[in-house]
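I have a structure here, written as structure tokens, and I will follow up with some questions on it.
Think of it as A, B, C and D in the order they're written, each chain with its own count starting at 1.
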Amino acid sequence: MPASYAYLGPEGTFTEVALRTLPETATRQLVPMVSVPAALDAVRAGEVEAAFVPIENSVEGGITTTIDQLAVGEPLMIYREVLLSITFALLVRPGTKLSDIKTVSAHPAAQPQVRNWMRDNLPDAIWESAASNADGARLVQEGRYDAAFAGEFAAARYGLEALETEIHDAENAQTRFVLVGRPARPAAPTGADKTSVVIWQRDDHPGALLELLQEFAVRGVNLMLLQSRPTGEGIGNYCFAIDAEGHIADRRVAEALMGLKRVCPKVRFLGSYPQADVDPADVRAPRAGTSDGEFAAASDWLARCQDGRF
Amino acid sequence: MPASYAYLGPEGTFTEVALRTLPETATRQLVPMVSVPAALDAVRAGEVEAAFVPIENSVEGGITTTIDQLAVGEPLMIYREVLLSITFALLVRPGTKLSDIKTVSAHPAAQPQVRNWMRDNLPDAIWESAASNADGARLVQEGRYDAAFAGEFAAARYGLEALETEIHDAENAQTRFVLVGRPARPAAPTGADKTSVVIWQRDDHPGALLELLQEFAVRGVNLMLLQSRPTGEGIGNYCFAIDAEGHIADRRVAEALMGLKRVCPKVRFLGSYPQADVDPADVRAPRAGTSDGEFAAASDWLARCQDGRF
Amino acid sequence: MPASYAYLGPEGTFTEVALRTLPETATRQLVPMVSVPAALDAVRAGEVEAAFVPIENSVEGGITTTIDQLAVGEPLMIYREVLLSITFALLVRPGTKLSDIKTVSAHPAAQPQVRNWMRDNLPDAIWESAASNADGARLVQEGRYDAAFAGEFAAARYGLEALETEIHDAENAQTRFVLVGRPARPAAPTGADKTSVVIWQRDDHPGALLELLQEFAVRGVNLMLLQSRPTGEGIGNYCFAIDAEGHIADRRVAEALMGLKRVCPKVRFLGSYPQADVDPADVRAPRAGTSDGEFAAASDWLARCQDGRF
Amino acid sequence: MPASYAYLGPEGTFTEVALRTLPETATRQLVPMVSVPAALDAVRAGEVEAAFVPIENSVEGGITTTIDQLAVGEPLMIYREVLLSITFALLVRPGTKLSDIKTVSAHPAAQPQVRNWMRDNLPDAIWESAASNADGARLVQEGRYDAAFAGEFAAARYGLEALETEIHDAENAQTRFVLVGRPARPAAPTGADKTSVVIWQRDDHPGALLELLQEFAVRGVNLMLLQSRPTGEGIGNYCFAIDAEGHIADRRVAEALMGLKRVCPKVRFLGSYPQADVDPADVRAPRAGTSDGEFAAASDWLARCQDGRF
């Protein structure tokens, strides 16, 4: 396995900044890729050890390209997540004043985060979509556009200066990134873990989602994310990307997953991994009756009942 | 273990008739006992191999003495059930006419089944409770009462004649009896089985019953009986005697029982045994996703996920 | 309407003691009846204003005769409930010593409450069932039996003395009685009310009970009693007597009842009445979203939505 | 109110084609707008009677911009929906051959629908995002790009020719559009209706989504779409856009909406309108117990109970 990680490039994006927070990146080659599918395909092809891609942000919700790429094709697994606070800088060529700006560029995902700021400060500027925020900066460097929204860290790389920083329509804007590799045994539970799956519901079965959620609820497993995604089989056909609290090694999670496996036409396990920025000491105890110890005690009791020794 | 069965006596009751439908009674000594507790205590004390007692009838519901005795004390297990249709005969000393009858006796449990018939045919007769229907017949024989409601089969034993037969207020009146022994490995599943448990709910937890029922529902286990019984700890404190479709060896039942074990302060397993009068061929298939095969497939899948091989 | 209340007689029973705790009995004629059905039929026939009968006790659970009589026949309604602590005295003819007692009598319902005491103190005495505890006392007075278990208050009436008092196997033994009349508008809510219904579930509909309980749960209505009763249509056919927290005038209760009415083949409303011994100040607030104010606000909102004014 | 409809422009997009299927467009001015927010703001400002925008497609799922714009700001209501099958043509300047194509443009939403086709047929072409498919066609006309994916109908408008038609990765690719206006009384039910709402769940309340779905389930209301959207208050905070079967004038829907209104901190009603392409004759009957007639009968019964007349 090559000691390299692919990531959604180009260099100088939030993705790279987030990726570099992982200690092991110090000893790995980081390879920018042109798109999320390209990054994930590199993993599938064995060209890189893992890929680092955005999966959710607090303004736009689930990053559908990533979710969809994980949901189908050769199986992949999530090993890590990273949360990064997102604020934008308005980058310009040195000397450019706000009143000079006629065109502004960024990745479309940036738009909802800067919309209000633009309305107030650049009401007449024309928005030009770029393939990435860094790419927008590059196009400003090349003189194609007047300004770009990007991370402040991109200024130096492209010889630009930040006319304004800390631009963000929503407070607490964050993006969640995941490190994705080929399937392998998940890391051991830390006590503050998360398990990701994609589940498909049976056709023409109203109320089905409720039943699926009950597979979690009856075992006391809390959900952290539920994102519907079209299955591609026509309007109204959805699968669900779900993040649940806990680790597949936790018996309550394991039993819930088996329940889903039995009642869904298809379930894809996407991994169990540590929750970013959560200290296991702060995780609330599992609901009464759902700890591993209680599961083990119930198994023992069942065995005694089945054996007639009680 | 002595080759004898205790039963709720005296001789000549419906209980004895039901008991004699079990083939093995041909080779066992049948011992009438004065009460259900006495019969069950004989099992606990090892004086008899098993006890045969009524547990439910279609007019009165659960036989509370039996349920309560199974719910507490040294554990016992149900191994068989028998259903018997119940109709009464009015037994009198030979020569007695309907118009001669001033007093009539039977076990109180017979009353709801003969109430209407008495109102129409013996409106002025006085009801005298007897310890059993057979005992009522004996008291008629002794001249203490004029008539007794009992099984027609009791007439010969007590030198009485049946003035009227087939008396039953409700159509389809049936009593269900169970054969109870000390705990041992339950008989193998037949495909038409029943599992009995008693469950206690946590105090002061409104909605708790709903949660307990969901432990069954989410695994597709149907309930056949739910009988609340006071715990003896004050008005409003109840436990529940439950009969569920299926056998503890069925994985859906096993998982549901473990779920109950985890969330209830107390669960008592009372046995898995064949449903009386049900042909396995007539049992509907388990709900999609709850067969043993589907459970096994889900376990395999889980193991592969936990191992990262998929 | 005659100013009289029937009650389950004879005089000198716990029922009479409980009935006399109702202030209005001071101005009413109290008529002992031979049985619960007789008492309720007197109400239906208009011979009395109401009947006072036991409906639940903490040792035996629901009094099935009462529940069954309320569930069918001409509709009746519960207007009041009374809780009475039950302890027994052992009544004998003056001069009788414990060692003299060969026979002891009481109503069968007393048996579970004195069983342990008898085992310890009168192991060889023969139990003789009486039509009521007071009747047992009368038979002692007449010399037919040596002792009777009854309320201590019965001693004076029958010229007996209490050889022992405060006999009760279970701590907190209580019986709940209800005052039953013909249907009329229920009394206004007090803030600590209870609503009684009997519901029938659809045949051959596994999981049906769960659905019925969800009609309560989704509106935040807590259950205080759930008693299954056979419908008389064969083993396994049950209806359920349910006591729910709250008053039919409470909107959450009203909506839950309508929900039951729609999904059950039959629902019988048995009344809304104050909870005995509960101070409205001690009643916990309804679950968030289920108060009358929140119902009213939601209705207003719906009307605006339906009207397009929002 | 000006007799004009805004729509997501420019002219020559699928949106315009879908809009023109509405008969009333024959008599209205159709105004292309630069973005969904611009179209909806024109409605809010009273500049147009309604706006026509895409809300869901079978490849990408919910159109998040539209959903987010409906979820917040001055209330709007959906009055109609239109389903349009989406297939792409590859538009080029006359004379261009497939092997000439180095750059290809379209709106990013087109990408998942043409990805496979591009991989197979234009593996080396560079993708250039356009503000709309029609805009991509315009840029081809201007010579900036070599080809554009767009509806075949756009060829004529921009002097292009279709080198290939019927391009679509997914079979049954459809887009759903809605006609949005200011709040007014919804049109009467047709028997095949849909109701749209956005609901917010209480913070830090795991299992909350399950409870919200039960508000629908217990009243037999089926869900057709559930789309989570971030609330903008940080990762993991979601609201849900829901389409439910039925009309707010249906009592089961009305009661479910009131239930949501009571338990959610915020509910926004987005309208009840006819389901596109569904014949009321093909709509399955409501679940037993949830028809308007059954609701009315239950209300009558409740009134009689509250009045004591039964």
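Quick note on the criterion: contacts are C-beta pairs under 8 Å (C-beta built on N, C-alpha and C of every residue); 3 or more make two chains touch, one makes a residue touch a chain.
For clarity, every value in this text was computed on a predicted model and none was experimentally measured.
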| What is the shortest path, in steps, from chain B to chain C when you may only step between chains that touch? | 1
| query | Any idea if chain A and chain D meet via the same residues, over half in common, or different ones? | reply | same
| request: List the centre-to-centre spacing of chain A and chain C in whole Å, with centres computed as mean CA coordinates. | output: 58
| task | Could you please state the distance in Å, as a whole number, between where the Cα atoms of chain A are centred and where those of chain D are centred? | result | 25
| said: Between chain C and chain D, what distance separates the C-alpha centroids? Give it in angstrom. | reply: 57
| Can you list the chain C residues in contact with two or more other chains? | 214
| Complex interface listing, chain B residues touching chain A | 75, 77, 183-186, 214-215, 218-219, 248-249, 254-255, 257-259, 261-263, 267, 269, 288-290, 294-295, 297-299, 301-302, 305-310
| task | Using the touch rule from the top, collect the residues of chain B that touch chain C in their complex. | result | 37, 56-62, 64-65, 68, 83, 108, 112, 115, 129, 131, 169-172, 174, 176, 206-207, 209-210, 213-214, 217, 222-230, 232-238, 245
